[in-house]
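Naming follows writing order (A, B and C), and every chain is counted from residue 1.
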Amino acid sequence: MKKVSTDTRYVIIGNGVASIGAIEAIRKNDKTGSITVLADEKYPCYGRPLISYYLEGMTTRDKMDYRPAGFYAANNVKLVLGSPADRIDAVSRKVWCGDSEYAYDRLLIATGSSPVVPPTAGYEDVKRKYTFNKLDDALELEKVTDGTTRVLIIGAGLTGLKAAEGLYPRVKEITVVDMAPRVLPAVMDDESSGIIRSYLENKGIRFFLSDSVEKYCDGYALLKSGAEVDFDVLVTAVGVRPNTRLAESIGCVTERMTESGRPFRGIVVGDDQQTTVADVYAAGDCTLSYDVTIKNTRPLFIQPNAYMQGETAGTYMSGGSREKREYLPVNAGGFLGLHVITAGAYDGEPITVRDGGSFHRFFIKDNRLRGFIQIGEYSRVGILTDLIRREADLEGVDLASLVRHPNLAALGMDYVHSVLGKEGA
Amino acid sequence: MKRVYVKEEWCLGCRLCEYWCVYSGSGEKNFPFAFDKGATPPAGIQVEEVGPVHFAVNCRHCDDPLCLKGCISGALSRDGYGAIRIDKTKCVGCHTCIALCPYGCIVSGGDNMPIKKCQLCAGRDYTPQCVSHCPNEAIVFEEE
Amino acid sequence: MIDYIQPDYEVVRNKELCIKCKVCVRQCANNVHVYDESRDVLYVDNSKCVNCHRCVTLCPAKALKIVKTDHCFKPSANYTEDIIKDIYRQADTGGVLLSSMGTPKSYPVYWDKILLNASQVTNPSIDPLREPMEIRTFLGRKPEEIRYLPDGSIETEKYPNLELKVPIMFSAMSYGSISKNAHIALARAAEQLGTFYNTGEGGLHEDLYKYGPNTIVQVASGRFGVHPAYLDAGAAIEIKIGQGAKPGIGGHLPGSKIGEEVSRTRMIPMGTDAISPAPHHDIYSIEDLRQLVYSLKEATDYKKPVIVKIAAVHNVAAIASGIARSGADIIAIDGFRGGTGAAPTRIRDNVGIPIELALAAVDTRLREEGIRNNVGLVVAGSVRTSADVVKAIALGADAVYIATPALLAIGCHLCRSCHAGRCNWGIATQVPELVQRLNPDVAYKRLVNLVSAWSHEIMEIMGGMGINSIEALRGNRLMLRGIGLTQKELDILGIRHAGE
C-alpha cells in the first residue's frame, strides 16, 4: 500500500458516477484528506440515463439524485457546482476554473463525453435543436414539447431510441433518421434490430434508415433519399466523443491505434486507472476501457463501467489496491415496453430461441459464451454476463438449456459451492 | 455480515422458501392473501435442481455488488445490516442490475416497475422468512 | 378384482386457503396428492393416505387436514371394522398381516393406574431449582460387600458399569429399520445427554463409530454386522433374545432395504433378505446364554457390561432370575406395548405381557432370591412420559429405554406404516430422498430437548416426594398407589391401593 499522508488533497474534475465511485472508494481508505469535486453542471450527481425516464414521467427530479441528500457533506466533499475546470498544470499540480485555483496531490479526470453533432447544412438555423445527454437537455425538451410537437431524432442508437421513448408520451410525432441500415446498430444484429424496429413502428414511430439529413430547411429536413420530414424539435443523438482536452493538455496519451489503423479516442489508463501522467487518474466515458471480449481497450460509454472505474481510481489514489476489473459491453433498457439486454461480442456460433414474443440469441465460440441479445422476457441473464466475463469453459454443459434458462446448477456443484458457500461470494 | 447460506445436503426441493419469500415481500397480513392473484414468482430466493440435488439460490449481498455499482439511478444501496436493498421509488426498471448479477438473483418487477430482490426481510422480521420456514434447516442465516 | 377396502382417512383441502404451491405433491412419497396441470387442479387419492401428517405439517397455508372417514360398516362390537378389513386383506393376499409400532389395542396401561406420592409437612419436599438433585445412575452389577485393599483403601470399580447422566436410554432400533440420519441424531443426542443409544441388530455404520462411548452394540440371532471392532466400538454389548412387540419370533428386513450401505454394515449381500432367526441357534438354556455372555466378555477383555434383553412374557421373572445368574450385567425387559419396525399383527397384538407387571414381578423375584444387585434392570416397551419413568424406577427399574417417544420427537406421527419403507419423515426408510428429510442437526436437538424436559420433570416429581437421589427412588414402591386395580394386580405390582 502506497503511503498516503493524512492531508492528501484529492481533486476530481467531473461529477458523474465515476466521481461518486471515486469519492466512495477514497473515503474507505482515507477519512481525512480533502476532496474537491469540480462539476460543470449545476446539479449534484444524478443518474444520467434517467433523463429519458424523467421525460417519460417514470421518475421525478427529486428521485434522480444518484446519492441521498447530504452525501457530499457526509463524505466531507467540497462540491463546486457550475464550475468546469479549464486548465491543469501537472507540474505545479493545480487545476483552474476561471480564476479559482485548486491544488491537488491526486487528480481524477472524469470529464465524461460530449455529444457529436455532425456538420449539416442549415443546422445553425434550426431554432429548437438539442442533444440528449444531460439533465438540462431533458428540462429544455420538457419545456418545448407538447401534444402537437413533431420531433426529428438523428440517430437510432441507444441514446436516440431512449430519447424517442422519453418523448413518446409527450409529443405528436417522432421520426428517427440513421445512416445505419438498422436501429441500435452497435448492439443489435439485423434480425434482432428488425424486431425492435417493427415494435416501435407499430407504436407509431417513423424510421428512415440508411439515410441522413442533406440539409435542414425551414420546418423540415431534406434527407439524402429525397424524403422530407417536417419537424418542430430536432434532437441529435448520433453518438458521443470522450472529453480528453484537459488530459491531452498535460501530456496524457489519449488515443490507441487499432489494427485497422483507425484510432480509438479516450484517455489511456492502466489497471489502476492512472493516466500516463503521474498522480493523474481518469475514469468513465473519457477513458478507454479494457474490454475482456476483445482483450484490448476501447471506448465503452456505459454507466456501470464509469462507476467501477471511478471506484478503482479512488482506491489507488488513496493508497489501496484491488483485483483488476474486467469490463465488457452490457446494455439493458426498455423501449416502450419492449425490454432488451445485450452483452459481449457477437462472434461465434449463434443459437437462437424464439418463444412467445421473445427473442434470444447467444453466440458461442470454442465452448465459451461470447455474447447475447435478449429481447422480451428473460430471467437471470446476469449469470450469462458473468460467463462471458469469466470466459468460462462450457464443455459438457447443455448450452441450449443453460442460455434459455440460466441457472447455476448447470455449471456444476463445485461452482455452486464456490459462489454460494461460505468460502465464495 | 450475516448472509443466507444453503446446505444442499438437506434441501428437499419443497420450495417453501420461495413461497415464504413471496409472502414476506407482499406485505400482506395473512399468508394466503399474498397469493390472491395466483402464482407469483419469488423475488428473493429460488430453488434449483440438478438430478436429485436441490439447492436454493439467494442474493449474496456481495462484498463487490455489481448490481449496486451498475445501477443507473442509485436505487440500490447497502443498509446497516449489510443487505443490498432497493429503493422502489427510485428504480426505473432498466434491468441493468439483472444484466450484471452473476447469480441471477434479481427479478424483473414487470415493465415500468421496480425490480425485486432479496432484502433479507430487513424491516419486517429479523430472521429471513426463507430461513425460519425451511423445514429441514437447509437454509441458514449465519456470519461468514 | 374388486377392492373391498375403502380408505380409512380423507384428506380435506380448504380451497379458499390453498395457494396451489404443491408442497403437498412434492412431499408425499405415497403420491396421495396429484396436480393436474391442464385443469390447474389439485386432487387427492385417499386410498394411499397413511395419515402421517407430512402434507398437513408442511402446508404453508394450513389448508389441509386429515379426517377419519365416516364411511362405515354396520356397527358390531364383535366383528369390528378393523377385523373385517383384516379379513379382506388376508383374503386378497393370502399373507400374514404386518404392522408397525406398538399395538393400538386397548389393553390396560398400568402406568395410568398408578399414582405417585408427595411430601406434606413431614419429610418436606425439595425444590430442585435450589437444591442438588441427583438423577445420575450406574447400570451393571454391584459389589456384594465393601472390600478393603491391603493399603486400607476401598476396592472400587470391580464390575464394569454404564454411567447414565439421566436414567433414560434410547432403545434398540437397527440401521435398516431406521435411517442413518435417525441413527446419527440418536447418537449425537446420547452423546450430549450423557446417555446411550442402541444400534439394534443391524450393525454399526462406520460413520457412527465415533459415538462409540455412547453406543450399546447389539448382538441378535442374525448376528448381523458383529465383528471384533464392532464389539470394541460400543460401551456395552446387548444380547437380544426377544422384543416386546414380537416375542418368540425373529425379524425380517426385506431385500429391498438392503442397499449398499446397509449391506456393508450388516455384512450380508445387497438385496438379500435379512432374516433374524426366532431363537439364537446356539442358545437353548441359561448355560448356553452364559457361554455367549462370557464369549462376548472374553472378546472385549471384561471391560464392557453385557446386557441381555428379553421380551416380557408369562414366565419373565423366572427367566430373569436365570439371566441374573448367567453372568449378564444388565437385564433389559421389553413390554408387549413396545414398538417395532415390522411385526406380524397378530403377534404384536396378542403375545406378551405389560411391562409394568413384568418389571414388578422381576424386581420382586430378584430381591427374594437376593440377586437383585447382580444385575442392572432396564425396562422398555411404552415408557411414554417422565411420570412413567418415575413409576418404573419406583417399581424397581434402574433405568428405562425409550424409542417411540424418541421417534415422535424427530417427526414420527405414528402412522404405523414403517413396514412400507416410505416414511415421509425420513425415519423408517432407506430411500435417499426421504432419508434426506431428516437433518440430524435438527433432530438431535429435539431429542436433547425431550430428554432434558423429562429430566427436569423427574427432578420436580422426586423433589415433591422429598427424594433427592434416583438411588433412593429405585424400588421405593411406597411412593406408588394403585387406582382402580384389583387386589391381584396390586399384589403383582407390590403396591397398595390409593387411600391405603
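The definition used in the following text is that a contact is a pair of C-beta atoms (placed from the backbone, for glycine too) under 8 Å apart; a residue touches a chain by one contact, two chains touch by 3 or more.
Worth saying up front: this structure is predicted, and the values here are computed from it rather than measured.
Among the chains, which is located farthest from chain A on the basis of C-alpha centroids?
Between chain A and the rest, the longest centre separation is with C.
Counting C-beta pairs in contact, pick out the pair of chains that comes out on top.
After counting contacts between each pair of chains, the winner is A-B.
Of all the chains, which has the CA centre nearest the overall CA centre?
Checking distances from each chain centre to the full centroid gives B.
Roughly how far is chain B from chain C, going centre to centre by Cα mean, in whole Å?
Measuring from centre to centre gives 44 Å for this pair.
Could you state the distance in Å from the CA-based centre of chain A to that of chain C?
Distance between chain centres, rounded to whole Å: 70 Å.
For chain A and chain B, let me know how many angstrom lie between their CA-based centres, rounded off.
For chain A versus chain B, the centre distance works out to 28 Å.
Applying the document's contact rule, which stretches of chain A touch chain B when the two form their complex?
21, 47-50, 53, 58-59, 63-67, 303-304, 307-308, 311, 330-334, 337, 339, 341, 343, 378-383, 385-386, 406-410, 413, 416, 419-422, 424-425
Which part of chain C faces chain B closely enough to touch in the complex?
Residue list for chain C touching chain B: 16-23, 26-27, 57-58, 60-63, 432-433, 436-439, 441-442.
Can you list the chain B residues touching chain A in their complex?
By the definition above, chain B touches chain A via 3, 5-6, 8, 48-50, 53, 55, 57-58, 60-63, 66-67, 69-74, 89-90, 92-108, 111-112, 142, 144.
Which stretch or stretches of chain B touch chain C in the complex?
Listed in rising order, the residues are 9-10, 12-16, 19-20, 23, 31-32, 34-35, 39, 52, 133, 135-138.
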